[in-house]
Amino acid sequence: MSKGILQHDVGEQVEKFLLIKSSVKGTASNGKPFLTLILQDQSGEIEAKLWDASEADEKNYSAEKIVKVLGDIQNYRGRNQLRLRQIRPATPTDGVNLSDFLLTAPVSKEEMLSKITQYIFEMKNPNIQRITRHLLKKYQDDFLEFPAATKNHHEFVSGLAYHVVSMLDLAKAIAGLYPSLDKDLLYAGVLLHDLGKVTELSGPISTTYTVEGNLLGHINIMASEIVHAANELGISGEEVVILQHLVLSHHGKAEWGSPKPPLIKEAEILHYIDNIDAKMNMLDRALERVKPGEFTDRVFALDNRAFYKPTFHN
Amino acid sequence: MSKGILQHDVGEQVEKFLLIKSSVKGTASNGKPFLTLILQDQSGEIEAKLWDASEADEKNYSAEKIVKVLGDIQNYRGRNQLRLRQIRPATPTDGVNLSDFLLTAPVSKEEMLSKITQYIFEMKNPNIQRITRHLLKKYQDDFLEFPAATKNHHEFVSGLAYHVVSMLDLAKAIAGLYPSLDKDLLYAGVLLHDLGKVTELSGPISTTYTVEGNLLGHINIMASEIVHAANELGISGEEVVILQHLVLSHHGKAEWGSPKPPLIKEAEILHYIDNIDAKMNMLDRALERVKPGEFTDRVFALDNRAFYKPTFHN
Amino acid sequence: MSKGILQHDVGEQVEKFLLIKSSVKGTASNGKPFLTLILQDQSGEIEAKLWDASEADEKNYSAEKIVKVLGDIQNYRGRNQLRLRQIRPATPTDGVNLSDFLLTAPVSKEEMLSKITQYIFEMKNPNIQRITRHLLKKYQDDFLEFPAATKNHHEFVSGLAYHVVSMLDLAKAIAGLYPSLDKDLLYAGVLLHDLGKVTELSGPISTTYTVEGNLLGHINIMASEIVHAANELGISGEEVVILQHLVLSHHGKAEWGSPKPPLIKEAEILHYIDNIDAKMNMLDRALERVKPGEFTDRVFALDNRAFYKPTFHN
Amino acid sequence: MSKGILQHDVGEQVEKFLLIKSSVKGTASNGKPFLTLILQDQSGEIEAKLWDASEADEKNYSAEKIVKVLGDIQNYRGRNQLRLRQIRPATPTDGVNLSDFLLTAPVSKEEMLSKITQYIFEMKNPNIQRITRHLLKKYQDDFLEFPAATKNHHEFVSGLAYHVVSMLDLAKAIAGLYPSLDKDLLYAGVLLHDLGKVTELSGPISTTYTVEGNLLGHINIMASEIVHAANELGISGEEVVILQHLVLSHHGKAEWGSPKPPLIKEAEILHYIDNIDAKMNMLDRALERVKPGEFTDRVFALDNRAFYKPTFHN
Amino acid sequence: MSKGILQHDVGEQVEKFLLIKSSVKGTASNGKPFLTLILQDQSGEIEAKLWDASEADEKNYSAEKIVKVLGDIQNYRGRNQLRLRQIRPATPTDGVNLSDFLLTAPVSKEEMLSKITQYIFEMKNPNIQRITRHLLKKYQDDFLEFPAATKNHHEFVSGLAYHVVSMLDLAKAIAGLYPSLDKDLLYAGVLLHDLGKVTELSGPISTTYTVEGNLLGHINIMASEIVHAANELGISGEEVVILQHLVLSHHGKAEWGSPKPPLIKEAEILHYIDNIDAKMNMLDRALERVKPGEFTDRVFALDNRAFYKPTFHN
Amino acid sequence: MSKGILQHDVGEQVEKFLLIKSSVKGTASNGKPFLTLILQDQSGEIEAKLWDASEADEKNYSAEKIVKVLGDIQNYRGRNQLRLRQIRPATPTDGVNLSDFLLTAPVSKEEMLSKITQYIFEMKNPNIQRITRHLLKKYQDDFLEFPAATKNHHEFVSGLAYHVVSMLDLAKAIAGLYPSLDKDLLYAGVLLHDLGKVTELSGPISTTYTVEGNLLGHINIMASEIVHAANELGISGEEVVILQHLVLSHHGKAEWGSPKPPLIKEAEILHYIDNIDAKMNMLDRALERVKPGEFTDRVFALDNRAFYKPTFHN
């Protein structure tokens, strides 16, 4: 497989297909229009300027179009840029697809669905099991496609399901070591905690927040959904309250977005499982871009820390 | 009308009926059991010790019983106590009722209900009107009886409805001065914002938090109820999201319990209306206990401030 | 009336008079000087570049000059710019005045003064009335001309008086609903709370902070003025302390700039009245720039929130 | 096995041996001296008053003595007390030992040592392995006896080693799921992170902070020990810095006592492992004292939360 | 000189004169009244109970009376108490005075006044000098008698002047090392910074806050006084603003009570000089009560820290 | 001596030698490469653009090279720039040295060393004296050359030693006024508190943090060094713990980087001495760049305040 756009060094010439993530028109100091393009493949994204842009260029080189480019990697104010020599829209005969340029979870949807089904199957409390299964079914397609966030962690196609499956495995391992934990609650908490994101976010590509997402948030959206599901299924036990509580409290503190802090044991542990998996994802991706003996860029969602890769990690 | 228990000065002898709010058994240094009684009437509450308490005393003088007492007001560590000389349970022939001892809103339920009905009637947006009317109807009896809180403000019988009616009048006055405000949203926000308290709290007497109240909170309980009401009424417009948002955001900030800050204009103003009415209630009650030229006790819910009554306020 | 500069869409050509708010010289990449002009009318401000600027240009196109321009509205990095085709200084025969380009309160000075006079007339406590009237008289001209701030809210000509008059009406409405409030104190607090801004700020145009404003602040400036006024008028009652306290505490908390938190009831309510009026002003102006279904830009002084205009608000 | 002192209900008479944890002399209102005794067994502790205490009583009933008591469980101000009827010092013929009254880890020292030895054996990096083994050897006896804290979590005999062994198992499970983690660093971090507590704390019984503990803290004590150990062993690689960093950063944030936040991946995960194990220990102990459907007392070290035991957890 | 009341150990019998700081009536469990007396001499204060108190006792043993007592030092709940055997009011023939029982600055008023006069004399800027001298003169008597606070630091007779004189010497030493500092501003800042306390506090004995102190605070009181003094003296230079700023900013931050942070160099250094002198006073007094190798009690005003006296400090 | 680069006004032509601090390549809108040079002398630094840069230019004009330039001072976006007319590398015959362009402490190394030696000589406690002398000797060369920080305060050659010497003089003055202070501890604390910076920082030029500096920090590095020194010298008294504590606590609070707050008197005062000297250095340098009547730029390390230079300070 050929190198990704982020894997080239300054000075190299590249010729490849790229997806236009965004295209913004500006006016140069000579008075002529130009386009600032953000181009991406699965390795990441790079900026390029298209000078003296015509009206046709504006149409051809708009967001979500695929293009073929020839250019040089340059450094501008400490960041790489692509200096364009040639650019043309991709044609059907080029045989390239949108999905070739999008970062996707490393496990297939089928495999993830199968794992999730198995975890639900293992549940013993029928109220918990039925509500969880009902909601997963209801949103299954989106759940398997959506990212877990617009940025920070698991922000790729199927990132939400991938995050959930990793958390399920972690929940199982922890419950194995601390047998007083109720596995049904842990698994249900993991499965439902972020499911509201299929309503909060716009979808797997160019992900933004929906109006409902902005005004209500995935936490409250899912809490209401649990009440609704229980009503539809005719379930009324305390499990309905506890499942809502698991979702409401999974951010841990009011200032982190949870209207209630965890007040049952499994809610407290769910918060940690969510954190560990999200942070492992961010750490691995930040560290794979640096060499031993180097620090990563500062990672905003990790309190703006720059992490070190020890020299003996090679 | 005779003086309330809090209106007597140290040294005075009192003879009157009082309600036992709580009764706790202890053991004196001489080894004998005694009861610590909290006695109340509409003016407030006072502590009394019943020494050498028999088993019969324990039964007769338990919480929610009415008693007739003869005793002296004394000061103990800076707080008034009632030193008991005589005590006996009230009998049917005494002609006293529980409601004689409970603080109640200064307006009748009928009057409040009539005002609320009028405000709902004035709404123009049918989606907002129908959802609001539906939920008020559903919880009408409790809504008219519950306090607004277990302590701090409007913590008396019918305090919730009284708080809401005052807020409605305030909302109307403010909307009159700022015509860009949507009155329907303001009124609906006022009516629904604390309605979840009928589920969060246990009832009008000896009010405590329910399990659902502790684990979910009145904010999330009502947000789910709005979704549920909209489903039942077949309403699906953006009003459903906005009404939820009004309830979710009315505490103003995450650290004050709102999972979302106000993001529409009426939500921001609702937060202020709630604050002004709650604070006026707390301030009036703290200040009516002191004379001009004095400071009140510190009021915990007002950032622990002690307020001053100017000498020219008489 | 013709459209304001902010009401044109990208691509439109405009020909109109504008006021130069600021003019900064730079050097282009071709080595030649250019001017970055901020041009304004009552609708707002826009940036324009004047390339190849001569020394004469620098003089002609400096701050507070009026110019006639012909140009096109363009988008540059997400913000509108004016691309200049022609520019010339305004001449006396053009018949344009500075005040045509400045945003001003929607009510005349005379009307505001008349309202304020009426509110002072209604006061019953002579000490409060005399001190308030004395200070308003002393600073009357500036008070009617100054903005309420350099940015955030009411930052236009006569914004200070407009803010105060709106607050007086709000104070009257609230005092009508909560009769325990002392109207004299509320009105005096409203009238004096920001009066120190006529010393803290430089004036109605290109408003900045004075040295006294930076080192003392309008709160302490006015507190000293009240002492001074009382001395001159020979007034010595507790009202002098209370009026100072109203001014000192009106920001509500130490971290918001108040050396004392509100410790009398009217001070607490004054803080809310100030907030509601300031926020309504900010919210209305942010929301009038967006269409239903859109979010505003983030508003720094509103905790950086972006507000939503419901789709049913049209 | 007989019931522990905390497992009796109010009204029950008990006759049993207890350890005096502390004994404080006071003067009753009749002018006579009395002793306030805190008595404990493995189930917890209870207060008792010994009235009319003689000088001999003072000597016989001092801290760390074992006594035989006969008395009744009573409730005083919401907490259980033991009302003494008879008390006498234990004698050699009673056959009771100090260790019968102390809470101890549920696993034997030998078993814990064997597990730890195995984990060190599995390390692959010789620098990490040698430093870790050297320090564990140096403090082995105290490490196997000390509690992990004076209160909050694992505050029992051998609590430190028990906490470490649980964390090792958790580290192993997590490293199994996230193979990019360096197991050597994780295990060494777990083994060393709290080892400074053998210097910070006074010992396994009546644990207090030493002067060195108060002025330096276990974190800095152990960081210096690592430098010292590396010097003695002639090790100078980057591992020495990284091991110090793991210890220094394991509290996660400056305000939680870490002079540096975690800046390598394993340090971040170590912080979570420490938290999960400490919280599981606190949660299990708080919850085992309540019945399904009840809330625990507020737990100070868990942000003062009261946790709920669901009714379906029985 | 005989030992102070705090210098006796538990078990010792004492016979001495003491000042009653406060006297509160209570009711014992036998139903009889008793008095809780706080008795003090220059070494500190101790609690004593006067059982079976008659009405005459209440009058004779009220606050600010001097008494002769015979009694034993006892320990009650970890604090020393005085168990009374005999008590009688002091008579004129006893030859004891109020001042014998009050803690006073270790330097005479005359000496302090002379030093202060000298510092003012050294000032070179006549505006600064005249305003400072005018205000010191105006409040000279109170300034030389008042404490610097009701508690925490320099809370003794003449504590305010003593604090100021120590700060002047410290200011002189620092200005000697950093010659860019303006000595006139530093000295004036030191002399005026707390002068408002003569209005904020009630006086040298049983010191409390006045209404003006509570509602305005010493910082704002003195800022207004500076304006007033400048007006009376006909001074109008920038020095008037700067002197106000020194006073307003000397607490350093808004949350510590300063409406403006220090914005001139001497204001910043004044804040440090104030801190060092206040902390040295608190530290010396806390440490003189403990022996080498011990920790002091927690000192609330020093962030609740307990300080250690090294074993080699003897 | 000729004017420094920062002392020229806009419009002036300059011809002088400058040191290249950094050189970054970019691409102009005409597609040609250019260099952004940061040029410095002892007065400070200025930006310059070298257009149409050849590959030879890139080599000749790289960091730490000295160049001779001819150009004009211009203003670009409010900051001065140097518009280059001519530039050439310095040659040996130019007779210029690196040290001519670096800011250095105003006192010679010899003088500073002699003062430090004298302070150590004055110590009376042999344990404190020997450890301090040993560590100063060990790092003497770097200690006399390193800056005290990468930015903020004393960030110049020999800045660390200069900061320490100023603090020693300040410590002596304060100990003279408060004789209860232990001078040995104060002097040792001053000498050791920042000595770890010779390991934390990279050196006197282009100073950055080392890996050890980032992961451990100068505070912990020096605490370990003290233990090591004591071991080597065979010293074991409490002084070893106290010296570590002085270093560990000198930042004052956990959130400012100290794992322990000051818990001995001299540690508390050391924190203030460090602050005063660092702030005087920052204040003097910020204020010497402005004229009386002006505010400085905002100083980040002084809570982002802009300081005012009074008009009567000339």
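We just call them A, B, C, D, E and F in the order they show up, numbering each chain from 1.
We take it that a residue touches a chain if its C-beta (ideal position, glycine included) is under 8 Å from a C-beta of that chain, and two chains touch if they have at least 3 such contacts.
Worth saying up front: this structure is predicted, and the values here are computed from it rather than measured.
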item: Common touching chains of chain F and chain D; value: A, E
item: Shortest walk length in steps over touching chains, chain C through to chain F; value: 1
item: Self-contact between copies chain A and chain D, residue sets same or different by half; value: same
item: C-F, D-F or E-F - pair sharing over half of the A-C contact pairs; value: C-F
item: Distance from chain E to chain D - Cα centre to Cα centre, in angstrom; value: 43
item: Whole-Å gap separating chain B and chain F, where each centre is the average of the chain's CA atoms; value: 61
item: In chain F, residues with contacts to at least two other chains; value: 29, 211, 214-215, 238, 242, 263-264, 295, 308
item: Touch-based graph of the chains, sorted into line, ring, star, complete or other; value: other
item: Pairs of chains, among all present, that meet the touch criterion; value: A-B, A-C, A-D, A-F, B-C, B-D, B-E, C-E, C-F, D-E, D-F, E-F
item: Footprint of chain E on chain B - complex, ascending; value: 28-30, 51, 74-78, 81, 83, 293, 295, 308
item: Contact set on chain C toward chain F in their complex; value: 24-27, 29, 31, 211, 214-215
item: Chain B to chain C touching residues, read off their complex; value: 125, 166, 169-170, 173-174, 176-178, 180, 182, 237-239, 242, 261-265, 268-269, 272, 275-276, 279-280, 283-284, 287, 295, 302-303, 305-313
item: Residues of chain D defined as touching chain F within the complex; value: 211-212, 214-217, 219-220, 223-224, 227-228, 231, 238, 241-242, 244-245, 248, 254-260, 263-264
